[in-house]
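Presented sequentially are two complexes of subunit A, the first with subunit B as partner and the second with subunit C.
After this line comes the complex of A and B, so read on.
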């Protein structure tokens, strides 16, 4: 296919289409960058005069601020507890990633390599759990985490919830990947006298690096981006995570678009960087299992 | 050999069943006792407070010039009763603290005085009590507590009761608050019956069967098993009966003792109230009914007569406790017998063997499964249970059985066909109706998934070219919407769609159009959702398609070209079929995710205008967290789940059928 395109259709046309799509894709992000660096709280890139000309209108669309200023960033960092919230998010997301990857890898390995009663039922139940509406779980989750486990307003409450919620998707993905790793590798290791634990940690996990990276990425994103459960479980302002805190800027009373934009960028940068870093694994990690099947 | 194995299993069953049910039963009995103690403590505080409130009533009802602050009165009351540690009398009119022996109050100034701003809590409690009394009187059905009690950390109890004046006997004039150290003596529940129930039946059975096996030789192991089972079940029932009755009788006796102590306490209060009335020359006569021993709604309990005798009612009241505890014991017994049968007939052994044989697999799945059970499946089950109740914000404390609504919520949701609303201005769609929201949700899902798959596939085809320049750059930029937190992008798009300042309206104006108020009409509002979600979701599909495309070997195209297939035929007969195994699971997942895509609708359009663009999941959220109708919202969510489940089953059936055709 690839050679085909190159042979028959003009690469310029392809580039035109791709550039158009890419421009549309990144425009909203450029817009938020513009607002963030404008130093103003308004969501207009440029204010229009009384009778705007075509150029005035064009100026209001082009995503580049009239004056470049860091005022919004400084305000976000200094005025609110923003750094505390970022720190909270970092703790929650990191521990969610560690716990989520551990839980998913062990379970996925068992589902991929062992035959045992309840295997099919377990996998099916994971799949069905993706259909559970979040709204159905929220009131019971609150009761369990806050009243029974006594983990309200703590990081551990959030970490446990996030890492569990990410399990089903990660297990399915990892199982698909583990299935593609030839079983002969393990069999020869067993011949050499290696135990299951050794095989799991020394052979399987390194081989499954792409899928595990993707699992880690998704677990991290689950912990870093979620705000509904976080606002449900966290009562004190100093325990908020960054997404919950960000909602302050676009609250019901005032919309501080400039601060919100600056805050969004600070919040997004770590996860975007991580995403870009993991990108090379994304394709193979996500689709290895299903391609084979 | 087989005889002794059966005997061993039954003995183990007796032990485990006995142990589990004994611990559970003990836990229930202890809970019942603790409940009774708490109730008795509150009653003690209430009697003391109500009696004093009557004296305050008499004192405050005096003619204006004779009226003195009840400071002396509370001093007298505290001297007469050792269990009363501190008293506070407040009057709502004028926000006055009439008398107090609380240290905090005395530090702020000697009563009688006006309450300070920092003592707002004291005033608020009075307001609450007055409001509760009013509500209960108006509704004629007591619902709000008129006696407020609170257990304090130091083992004391704080009880507040309203007091009234002769001028206005229905409106609470203020309240009397007492801090009491209740004198009820409690004792621990005996623990030995637990050990007896756990050990004795198993021991008796074991010894008995050892002796019997010496004396009698039974040929068939089958008959040995059945006779052993029958004997052991009978033995178990006998021991369970003894266990349950021991605690029931014990608790009954304990209850009578509590009542007797309360009766003495009541008589003492009565005597001192009479003496107090005489000492302070109050126009007060004790009545010939016991109006002080009341429940939280200030309704007399009628367990103790005015002269301190116990009524028959005491027994009946105990019966309700006993009935509940009896039910709990019955449940424990069923569990015990269930366990016994499970062990005795070898179920447990088989179960154990499975666990042992596959222990490696189970150990590996255990952590994830535990988490899923506690934090996903259990909340799900609990949520379904909630959907059969009428739970709202205001009755969360009530047990679920008390607010059981059966299928009412479901009938209200599914049985409501009022799709058209006729008003004076004409007719319109009823956007609150379930079927409208379902229609919007289905339209939303279908359009979004189609857009996602189409754009994703097109871009993947374009990018799947080894010699394309800047390929990594394009891919990196195109994937950005997926990488950005979606609540951030949703809010960005809300800004882009802003009517006055949003770049989208500027662009329209640039080409001479009129600015659009995007969230004011059903269609444009729907369009905003589609745009945002399309933008958010195509990168996932693109990545999936790229993965699928990379796995197709170029030989197939080579061969097709030799056969003279044109590009469309190659796409139709090679690319699409090879992509299917990758795409179908991704489409199913994406349908489920889009169906429940909360953030976009909630943050961008908020379901505007008038809730017409709400999808099922945002509607369920608003029902729970804006209307606080937890039960109804749970039913709504359950319907969502059922729709998705039916879709999932249907989709797998269809794709399987397609596979077998191919």
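After this line comes the complex of A and C, so read on.
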């Protein structure tokens, strides 16, 4: 007689908990979508009449616009420099990714494969740098980038800062992955006559694709979504990145919530697409090293 | 083609010495097997030949050239790794041709060499596959292909068969042997499996704790082990070892389990070492269930512990007094465990070792 192993916990309870948390996560996103597609600038989903019925109250919390309109999107794209800001963000984020990932790969490879004085201290200092809040770095960053390097209000200033922020995480992530690539593969390549450079570019990097995808995505997001440092370093409006540009919709006296929501959605589309594209690598990249083999 | 000469070779990691003063000559076109238990330094020696480990002291020559400071890629040596170490993102063809490409060989020449190697190893139909789509044996063949395609002066094998199942191992053993015979390339083969060592090597080097115990042909090692370690290590099941003393008359050895009259070649030894404590070695096949006619022997009362019937023979593990006895018996009668049996021990086939130095008495 076969008996299935019974799970003691109640499936109903588990589902209630899961659905509740899922709803809590999704609801704000749906709200933003509703406002963006409502064609209005109000934060409310629906305006309540003077004597609201139960249905009116219910309608006001169901995240679906009363009328679907693209007006907010059109306004964002046409009336402001939004496309320029998106372009700026794309330049900054892409170059941050390229620079950050390249430097991280070379550093992580060295940390993974070579023994040198300060190896452990170096790795630890990367970790320590991650423990401080970003705002703590604002003043020194401003002094270094604007006053010392004279890179204020330039893409390179931002790229430099974003790469520095992304590199510690990327190095740790990549080092962990490089550690799982058997050393014999490299030794075999050495015997085949390959130089370190050939081994790095033709053996190690192709094998580390999953981890590189994760770090690339992280670096890209670090550059794409960042607001505080960009608003600190970029002075001219035409040099703004998209997150900084969005603040135009938040006024002192009135906030254009509709445009703000539409802008936010446009800004998030490239990241979502990137997530979808790199999805197949993400899982294997993030779990790398958890199981040997 | 080239031989390998190691003179006073040392390998130290900090204050830990792994190899100390190793002297070993591997002849041109020879198939040399380095065998020994885990951690005996055999892989370290191989990696020093390859150039993957630095030499702490001493000299390593490949052919007439001292290679201590020569980069692995310039040593003209190819290596097959235990884990195959194939490039997972490359096809079989790319794996085999990688070494030729990085050496900037013309493409048509690469194609010809790769196709020839693939044909020799039966890989022609697999050239476009990735390593993950291959079986263990096929992967091993790709690793071999990658080594032979470069036509090196020396082949190095680092336990290449230990990841294969038993049946495939026997098959690959024969394939590697015949490949080496055909190509006539000096080969150094590291294994901990003494059956591999015995069946493949022209000569075998037995190592223990970084020290060469004996170098010789498989039969030499089996028939005249230089010390107790080699005696125990070579041969399956291992040799029976009993402590005993040669009697004052020099005609027999008394052990706790039995008294062995000395006969044949070792009769002379008895006279030379009369009264001395010795260690007696008896190969399991020299303990039989029936006395062999015309051969000197003595009876050995044994209580059976475990019986391993292998079809063509039976391995008996038993006790005689406090001594453990292993015997290879004819399968016509399989004793039961607990049973007391009368075995016969060939007295002219004994190996005698010094009680303290454990060296063979000659």
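Throughout what follows, the second predicted complex is superposed on the first by the 262 of 293 C-alpha atoms of A that agree within 3 Å, B and C clash if a C-alpha of one lies under 4 Å from a C-alpha of the other, contacts with A are read in each partner's own complex, and residues count from 1 in each chain.
Everything that follows uses one rule, which is that a contact is a pair of C-beta atoms (placed from the backbone, for glycine too) under 8 Å apart; a residue touches a chain by one contact, two chains touch by 3 or more.
Model, not experiment: these values are computed from the prediction.
Participant: Identify the partner contact of A:233: answer first if only subunit B is touched, second if only subunit C is, both if each is, neither if none is.
Facilitator: In the superposed model, A:233 contacts neither subunit B nor subunit C.
Participant: Is the number of subunit A residues in contact higher for subunit B or for subunit C?
Facilitator: With both complexes superposed on chain A, more residues of subunit A are touched by B.
Participant: After the superposition on A, what does A:190 contact: first (subunit B), second (subunit C), both or neither?
Facilitator: The answer is second: A:190 touches subunit C but not subunit B.
Participant: Go through the superposed model and pick first if A:60 touches only subunit B, second if only subunit C, both, or neither.
Facilitator: first
Participant: For A:166 in the superposed arrangement: first (subunit B), second (subunit C), both or neither?
Facilitator: Neither partner.
Participant: Per the contact definition in the header, classify A:203: touching subunit B only (first), subunit C only (second), both, or neither.
Facilitator: In the superposition, A:203 touches subunit C alone.
Participant: So which positions on subunit A get touched by both subunit B and subunit C?
Facilitator: Common to the two interfaces on subunit A: nothing.
Participant: Can you check the complex and tell me which residues of subunit A touch subunit C?
Facilitator: 182, 184-185, 187-195, 198, 203, 206-207
Participant: List the residues on subunit A that touch subunit B in their complex, please.
Facilitator: Residues of subunit A touching subunit B: 1-6, 8, 11, 14-15, 17-18, 21-22, 24-29, 31-32, 35, 42-45, 52, 54, 57-58, 60-61, 63, 102-104, 106-107, 109-111, 114-117, 119, 122, 125-141, 143-145, 160-161, 163-165, 167-169, 171, 196, 221, 224-225, 227-228, 243, 246, 250, 257, 260, 264, 267-268, 271-272, 275-276, 279, 282-284, 286-288, 290-291, 293.
Participant: In the complex of these two chains, what residues of subunit C are touching subunit A?
Facilitator: Interface residues on subunit C, with respect to subunit A: 50, 52, 72-73, 77-79, 81-83, 85-89, 98-99, 102-103, 146, 150.
Participant: Touching residues of subunit B toward subunit A in the complex: what are they?
Facilitator: 354, 358, 360-362, 364-365, 367-369, 371-372, 374-380, 382-384, 386-387, 455, 459, 461-470, 474-489, 491-493, 495-496, 498, 500-503, 506-507, 509-510, 535, 543-544, 546-552, 554, 557, 561, 567, 570, 575, 581-582, 585-586, 589, 592-593, 596, 598, 616-617, 620-621, 624-625, 630, 633-634, 636-638, 640-641, 644-645, 648
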